[in-house]
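To start, I am sharing the structure in question, which I have written as structure tokens.
Order as written gives the chain letters A, B, C and D; numbering starts at 1 within each chain.
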Amino acid sequence: MRFFSDNAAAVCPAVMDALVTANRLDTAYDGDALSARLDGAFSDLFGREVRAFWVTTGTAANCLGLAALCPPTGAILCHEQAHIEQDEAGAPGFFTHGAKLTLLPGDGAKVSPAAVEEACARVRYDVHQVQPSALSITNATEYGLSYRSDEVAALGEIAKRKGLGFHMDGARFANAVAFTGAHPADLTWRAGVDVLSFGFVKNGGMNAEALIFFDPDRAAAVPRLRKRAGHLLSKGRFLAAQLLAMIEGGVWLENGRAANLAARTLADAAGPARLVHPVEANELFVRLTAAEAARLRAAGFDFYDWGPGEARLVTSWDQDMDAVRRLAAAIAAL
Amino acid sequence: MRFFSDNAAAVCPAVMDALVTANRLDTAYDGDALSARLDGAFSDLFGREVRAFWVTTGTAANCLGLAALCPPTGAILCHEQAHIEQDEAGAPGFFTHGAKLTLLPGDGAKVSPAAVEEACARVRYDVHQVQPSALSITNATEYGLSYRSDEVAALGEIAKRKGLGFHMDGARFANAVAFTGAHPADLTWRAGVDVLSFGFVKNGGMNAEALIFFDPDRAAAVPRLRKRAGHLLSKGRFLAAQLLAMIEGGVWLENGRAANLAARTLADAAGPARLVHPVEANELFVRLTAAEAARLRAAGFDFYDWGPGEARLVTSWDQDMDAVRRLAAAIAAL
Amino acid sequence: MRFFSDNAAAVCPAVMDALVTANRLDTAYDGDALSARLDGAFSDLFGREVRAFWVTTGTAANCLGLAALCPPTGAILCHEQAHIEQDEAGAPGFFTHGAKLTLLPGDGAKVSPAAVEEACARVRYDVHQVQPSALSITNATEYGLSYRSDEVAALGEIAKRKGLGFHMDGARFANAVAFTGAHPADLTWRAGVDVLSFGFVKNGGMNAEALIFFDPDRAAAVPRLRKRAGHLLSKGRFLAAQLLAMIEGGVWLENGRAANLAARTLADAAGPARLVHPVEANELFVRLTAAEAARLRAAGFDFYDWGPGEARLVTSWDQDMDAVRRLAAAIAAL
Amino acid sequence: MRFFSDNAAAVCPAVMDALVTANRLDTAYDGDALSARLDGAFSDLFGREVRAFWVTTGTAANCLGLAALCPPTGAILCHEQAHIEQDEAGAPGFFTHGAKLTLLPGDGAKVSPAAVEEACARVRYDVHQVQPSALSITNATEYGLSYRSDEVAALGEIAKRKGLGFHMDGARFANAVAFTGAHPADLTWRAGVDVLSFGFVKNGGMNAEALIFFDPDRAAAVPRLRKRAGHLLSKGRFLAAQLLAMIEGGVWLENGRAANLAARTLADAAGPARLVHPVEANELFVRLTAAEAARLRAAGFDFYDWGPGEARLVTSWDQDMDAVRRLAAAIAAL
């Protein structure tokens, strides 16, 4: 019973069905009938006109979005544990032609307004220092915390005041929406977010992510950047199909809720003392001695260690709830 | 009846079946059981140890391959009609951090040994001029010509002598193999090719291409470059599955033959006088007056104009042979 | 007696004097009193408000200028013999982060309106092809031809119509002004030029070139780009001093005239039949058999061969006119 | 009386004389007789064969050096107050095509072995995380501390063990040598340093810095990188002349000693309680109330504030010792 990561889970039936349905000749690249529906589908979801692009990875979504917000001479403010800093092999430096990531502290990989203000205040406005151009946050965070609408809005206000483009890495956006109960608009453009990497792969997709621009003008260079980075697929309809299947049917939110429920079940069993961070999405960081971890593994539960005395458990959209309940019981019994 | 491009065709059954079969939990990225079989499957096909990577586009395959062969300060020799020059939005410049494409002339987008020698001879060996570092050819070419083994070998000999890495854009490699009847090894590493972009998408795949290094040492940086370019997919098993389904079952060659047969049928009907280039793969460039083109379109055949008085017709692995015969008849009757 | 290149000549007295005078404490970078006079001095010369930057090389001037005009995804149209293509080690690709040089034909390294129109017409407006963003010409050209005002204006008109930034590599701008007798404004901004690399080093400077923006708005990013490329010198006053000494005293034009006169003297002696190109600046390309070249060298005259049966002779601001007359006589006597 | 920065000071007589002497025709770029002597002069100084390049700025020296040590996919470990991080406008990201700076803590901008070990230990060896490729330290540091030979050697040992290229930013290398009394070799290659940016401009030069490779093999790409970055000057002899004048005559060390003496005089007057950092080169960071600072300025002494309650004073090679003594007295009298 694996609790390693949601990014290796199976693909959900709606997506598989959509791929089969999409399997007939259509125009190449994004000239097909399905890709043509993307802007509309996401505009409906977000309650305003947006520009939506399919890409195949979260790294591509993040970095194309950041390249649209930050010139090579600029800096992107992000948490020191942000995925773009820790787990993308320097891709932001590649896509932005060398822009800098300025790292912010914060519990649970969460960026605070104070941290952003301080980072901006440290920079002299002259030609010698790299000037901040963008702010990027992850929602839910790398440690499974969900920003509430007002938290995002507080950051959005600073971003606007400082002239920073505001990007949200939403690899687990569905989980954040499911947890907070907020309208997707309130977590994004109404709170000042300019660009969203809207994750689908961790949530039941096969290989399609969405890159959403809330201000279509900001997206002007993106079609060219996407092509130039080798991310314009010939048979793009198979990516559009995945996104539409999950958006138009509401599957994205159902899947997010299912994964969150599994995590919540485990969190409740673990109890607050074991939890390193509040559980606000589909990830748990729990305190486990080596002996406890060994006991759980001996009982058939797989997960990653996360530093000494800690472990990370991630639940998926399709996590078997029976296994979840057994793991919950095993944790409670430790 | 569409003869626009093979890159928009349907996905072949073997691939769709493989996707369904692959749809269960496995390790993320390229740590899964299917990806682990790639090197072996392609090594078997090519008769030597190779290193194989899945990527989602031909542009990514070409440019990751070229980035491994050419430093930012170098030049890549290629035909002036090469896909990397004409149709990749400057991606080679992006992936190589600004290396130069040095353009070569040649009929039918084919590079001749003399053109390579001349291009090299024009460069002074000093610090002011960009030195050639790589040679890239396309097989079958952008105009549907197939290099024979000895033609590749003649270029390979120059590449070796001049210290150029040798890349082959094989977006239609299957068609070239099918046409020439050559062993894949004879068209590539035995002829001096270092890196092959082995195309599957135009040949019945969904969104998986293979990047093959015949010298595994040359591939050392590629895993990192692929990740950094946002091309390391979480659920890579769905790309590996496509490639294995087509390679291990021989589907790639069957599909290539089917597309070639359709093209040959049309070429024979058109006759030599109409053909701008010999038909050696699955593309035809035919001389058609505007009136003739209009007549064919009125009869329900779709294709691209290709400059004044010319048209391009491309056939796919699944081209309906009945429609092909009807088009052949219509062309013959012009 | 050396006729190799003007870029190795001595530094003129006005410049050496200015360096001595500048040798006292002042503010660092470009915060000094001399740098503060640059914009004004060049604005006076060109008869309109300009923004002027010192840099140390023509390559830096050209490439910072081009980086301000062309995004990484764009193309720069230039002659196939342009210095930026032939002799800058790929620096345009470095400074622009991979933009492409699209090469134009033309006698004497001169770009014609027709060549620009044709290059633009060949590009499809789509996401697959790199779109032209800038035009760069060299005046005087790499073969010593000078564009007249109306010739520049014809190119400027196309550039404006096509939305291309217009850059002039004026490594030998003084020679072109001296030859044509045109006002510097007529050869540049009145003819549509946006950015000028105004050369001083070949014309008697030590290590200062000027980068001139006729539209100050276009220069907004340049201070940062210059610093980021390591081209913001601490003691910038020693560069400003050189430029001011040559501009404010008119030395730049005197030096240009002197070099041109030497070249004209040689050209007249050679006669039209020997001249590969008209002599319109300070370079001669002359037809010489190997025996003739050997004879001149035996008489103490040094110069470069320039392909079989041709030689290049370049004269400097300080070319000894006695030696020039002796060489002229020797050529006439061949 | 200015104590702002050494990088705005006058040029020393030996350098001015050398410029005058160099003012005759020679071969362009670095083909001249003076540039030809550089490798030898620096090899003599360092007691081993080195490869030496002139460049015009410390930023260029640092970033060309780092580009030779670190691939685009790598990381450079440096202090969070390092000049390459704080004051070079992101130039390392430009020259390395997007490599990352990993920031280390440490008092007085000094890097400790423990900080390097910890930074390395934090990185997982996989394709997702950027791997450290180089270590860069500044000697003397940005806060005027000098590394001793054994301190450098301790870092050099780690660098070697971890496979990191080791770069030293020696913008004030002369001051560090003067302070420590160490042989230049002991502070560099004997301690494991691979590449040194050897500063001359802050120390009495006009616009020449030296980039030294202790392993000539590592320098193989540098001539091309220098040219491509627009840093290969036509009349390079005027840079070589500056370096030779300061190295061959021992002026570099005399000047460093003079600047240090001035700083020491001020430091002794200030007393330990006022000093934020030990004074081990030519910079003082002193605690001054706003009133005290105002009093000194009223007496004619100029310097920068450095955060609340602190000021920075920098002395130059040509600091007037009379003024220094007056300032010392004024500080002592506060």
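Just so we're on the same page, a contact is a pair of C-beta atoms (placed from the backbone, for glycine too) under 8 Å apart; a residue touches a chain by one contact, two chains touch by 3 or more.
Keep in mind that this is a model prediction, so the values were computed, not measured.
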(request) If you tally contacting C-beta pairs, which comes out ahead, A-C or A-B? Let me know. (result) A-B
(message) If you average the CA coordinates per chain, which chain's centre is most distant from that of subunit B?
(response) D
(message) Report the inter-centroid distance (CA atoms only) between subunit A and subunit B in whole Å.
(response) 34
(message) On a C-alpha centroid basis, what's the spacing between subunit A and subunit D, in Å?
(response) 42
(request) Could you please state the distance in Å, as a whole number, between where the Cα atoms of subunit A are centred and where those of subunit C are centred? (result) 51
(request) Note the residues in subunit A that touch 2 or more other chains, in rising order. (result) 72-73, 88-90, 94, 97, 127-128, 224, 227-228, 232
(message) Looking at the complex, which residues from subunit C come into contact with subunit D?
(response) 2, 4-5, 7-11, 16, 19-20, 23-28, 32, 55-61, 63-64, 88-91, 94-95, 201-202, 206-207, 224, 227-235, 238-239
(message) For a test of understanding, state which residues of subunit C touch subunit A in their complex under the given definition.
(response) 29, 71-73, 97, 127-128, 221, 223-225, 227-228, 232
(request) Within their complex, state which residues of subunit A touch subunit D. (result) 72-73, 75, 86-90, 93-94, 96-101, 103, 127-130
